[in-house]
């Protein structure tokens, strides 16, 4: 069988690599240990045409090799997921002429010291990171490493406010049955991703700061729409962090319905709620610096939303 | 079609009810709000034979009614999942002559106050509960409520120690390839359930105490086998809590393999690990008071293990 | 630290082993290949006290060895998951004096031949098994293998009937709001497990027969309650299969609510439904031969329901 | 608090709507019923700036209204998920001046008739669709409906070939340990999405045809790389379907490792495999007509890959 491409069918954008490399790196400062726990994906971009067209693998750095490299590079330590991925990516574009770039991603989970007699233990940990969210990082390299971009984020930071939220003034049509309210529960799982304009930064400290800003801004205003709250959250991040140019959010509106207890002879002054699983609202938006150019290409292949 | 049972086919043990009733109860002490978030299952035991044999529903308290009751009872507040389920269960055995007992269960998630300027906010929360575990409670009633039993627990409390664990001295046969080690990572997600000998107790405080004991005991010894660690964890709970008679554990041994970096010219002094997804070890055991009688019936229908 | 048990704290029931051993066995009859795909758990019962009490592993057949054995035994072929597990279990009770029994389980997925020009291909397959269900098998050995029991089953066989189902005549109380109906959708995911009274049987053929009976019985009557339908399904299995003594079911009642389209000027003669995710009804029951003794011990540790 | 945007922070791309609307539509042709089962997401594009900037909802068609519309439009029937979503989308751009477009998506599951006495039953069904895949459809409208695009697809079509696959000739570096092979299992879960160049088509028939081509092409060649197989699959679709312009794939390489049975005195001529869960290879690519222009914008917000 000849795999020579037909005149009118060609290979378009493509990438390949190894997913779900779960690396645990222990650092031992004498008896005092610490843990970095990242699950890494490596995806290469470049000239792999002959593999697709002709089953010729001479450019195909095996996904198994990518996996080995991920683990070998952890020997030097992680530091931050972003820095670690930048080192990994640079290696691939440096060592293989036909690898022009790629996408490297990580999810990080946090381990906290178990308290014994009020002190954090030297080598025993529990899965921590209050909020239950997962930290994410994506590094994208292009132009043989001349272009580097970092997109950090968090997934599923669950937040809820029991009041100071309403929804009124919306348009009505023949399909509208929703009643207006000036006092409701607002609950969402924040998934956010932010684009840095630098790679020279303390990514760990910035992550903690962004997370704190998201939590505080969710809290500090009466929400007239989840859209407004999302915008304020993104704006606060950009105002505090000049090294961030753009924030993208995906935030479900997790409906908490006031249960009608009247049939049972009971009132319900907004105290008993049914937390519905589905359907749910979904509010996705981008908040960015006005001066920023088109960044759409940078978000390609990032699990973003809009 | 006649559904009269054949002489030799009969209905055995059965139960029915409504699952996944997700109740969020907000308590408002002026501007200071608090949240209780429980997902409840109600399952009735009793005489429902005619529904099975003849499609006669005169004894079938609808699952929809059970759901309504779950929400209505939340109007009075939750308190603890155990107390709430005890009240619920008592209602069903009291109000329906043919309902002799049942099983009521709950999962609880914890919401913590978002810190603003160092203070926990009045009405804004994030999903907390360090450790990521889910609290569980099961209440079982029998004999029209004369017999009441409470089994509390937690699921998936992830813990890990980077040293002070080994595995040696095991039997070898023709299928053995494992190497002995005196220094390994020990990691597990603790799922535990404990049987109380009373219903008159501060269930919330006891939960926190048991969780703390589990964490501390996981930490405070060199583990020669996950079996030993599990036993010590259960023993410590029973020694500290005379109101608990029995603890059951299901603990995966989540293997963290030292990555062989020699092919890449690197050493690996127990610092770079591959956290394998599967297969995994699974250690399940019961630790109980020696004087305790047969409790097997009490664990029926509880998602227990052994 | 001495791990000698306190006078009043002892080890109760326990088991341990390796979970999620995913074995794919290819049988090559010349160019004609076939696939058996099973995910196996091995759990040993016996005298492991010293590991729990004293961290002495001399009885602890490593879970790694159990894994190796699972794969090695696949060299001879699988045949049926039940037969394979029986061979595995017999090995452990035969070869280790202190292993008195255990529990071995498997989930099986089916691969069907891809049709090319109307013929099933020799070596290309897709994940098949119409219905999407997972086949399950559990083998339990006790008394050093003198007692052998097999419990087979299936999980999540999704079925739905668009009519010939109703729910009337149920008791009403102050929490009842449900309306009676004589025409509704009945939908469930059947999870069933059945206890054999023999190990000398064609397990594959019986599985197919039981599945067919479950589907046909779900279909062939007006359902006055899911309880009735469940009973009829179990009864039909027992009537057709004398080698089966008992069937246990867990069947959610997956509510399909008729959507009220009146606000939009539309009727809805039972044609547009909202398939709600949760809460859902849950009907669990046992259908068994009247002459059968107490089998509760046989179901210990099986993911059963009631 | 003023939400007036700072001079340099603005709203970028955004969308909102209702997710996970699970619609079951029954069509009753006398006693002969049929089922369409789709889970729909509706997301609107347009001018919603004032909601984000000022909490002014006068343009915010409630997500609840979108949900109601989804169910109301099902009254007319579904037909195909693509046609249904096109009707839905057109409604929103027609009825709301500021809604310029949007994204509407659906997952469809198939119900097949239960066979009774060899005949498909009138109103009883099981979850079918051999292969276990989920059918997907996305409709995108822009320019007030002047631009319409349809992207159909399938998720997780599991396929496996037991031979006729190898991997040789790849580059080696210091991190390479993989051995070459000319006979391996090739297994993947195909996720594919294809872009139509028309909306006037029998979407259901085309779906079945594309699925058949994907299965047959996976089968009909010796695979020298998963990249080659993926390219051939896409090429075959484009050659058979002039109404399709582009296909995107995400295909994990699900490793089936030959188990080393030598330590146990057994050979293993490629018959016993460990199906590893992770890490896994991931091969993502686009196959398209050479004449096709830049379609990147059309794929925005579609869960695509590269």
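For clarity, chains are labelled A, B, C and D in written order, and residue numbers in each chain start from 1.
Simple rule for what comes next: a contact is a pair of C-beta atoms (placed from the backbone, for glycine too) under 8 Å apart; a residue touches a chain by one contact, two chains touch by 3 or more.
The structure displayed is predicted, hence computed values, not measured ones.
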item	value
Reaching chain D from chain B through chains that touch each other, fewest steps	1
Chain whose mean Cα position lies farthest from chain D	B
Centre-of-Cα separation between chain D and chain C, whole angstrom	30
Approximate Å spacing (C-alpha centroids) for the pair chain B, chain C	22
Residues of chain C whose C-beta touches two or more other chains	20-22, 68, 72, 175, 177, 263-264, 277-278
Touching residues (chain side chain B, partner chain C) in the complex	1, 3, 5-22, 41, 43, 48, 51-65, 67-69, 72, 95-96, 167-173, 175-178, 221, 223-225, 227-228, 230-232, 234-235, 238-239, 246, 252-253, 278-291, 296-297, 300-301, 305-306
Complex contacts: residues of chain B adjacent to chain D	174-175, 177, 263-265, 277-278
Chain D residues touching chain C - in the complex, by the definition given at the top	20-28, 33, 35, 37, 68, 71-72, 74-75, 111-112, 114-116, 121, 123-128, 130-132, 157-164, 185, 215-216, 218-220, 256, 259, 261, 263-264, 266, 268, 270-277
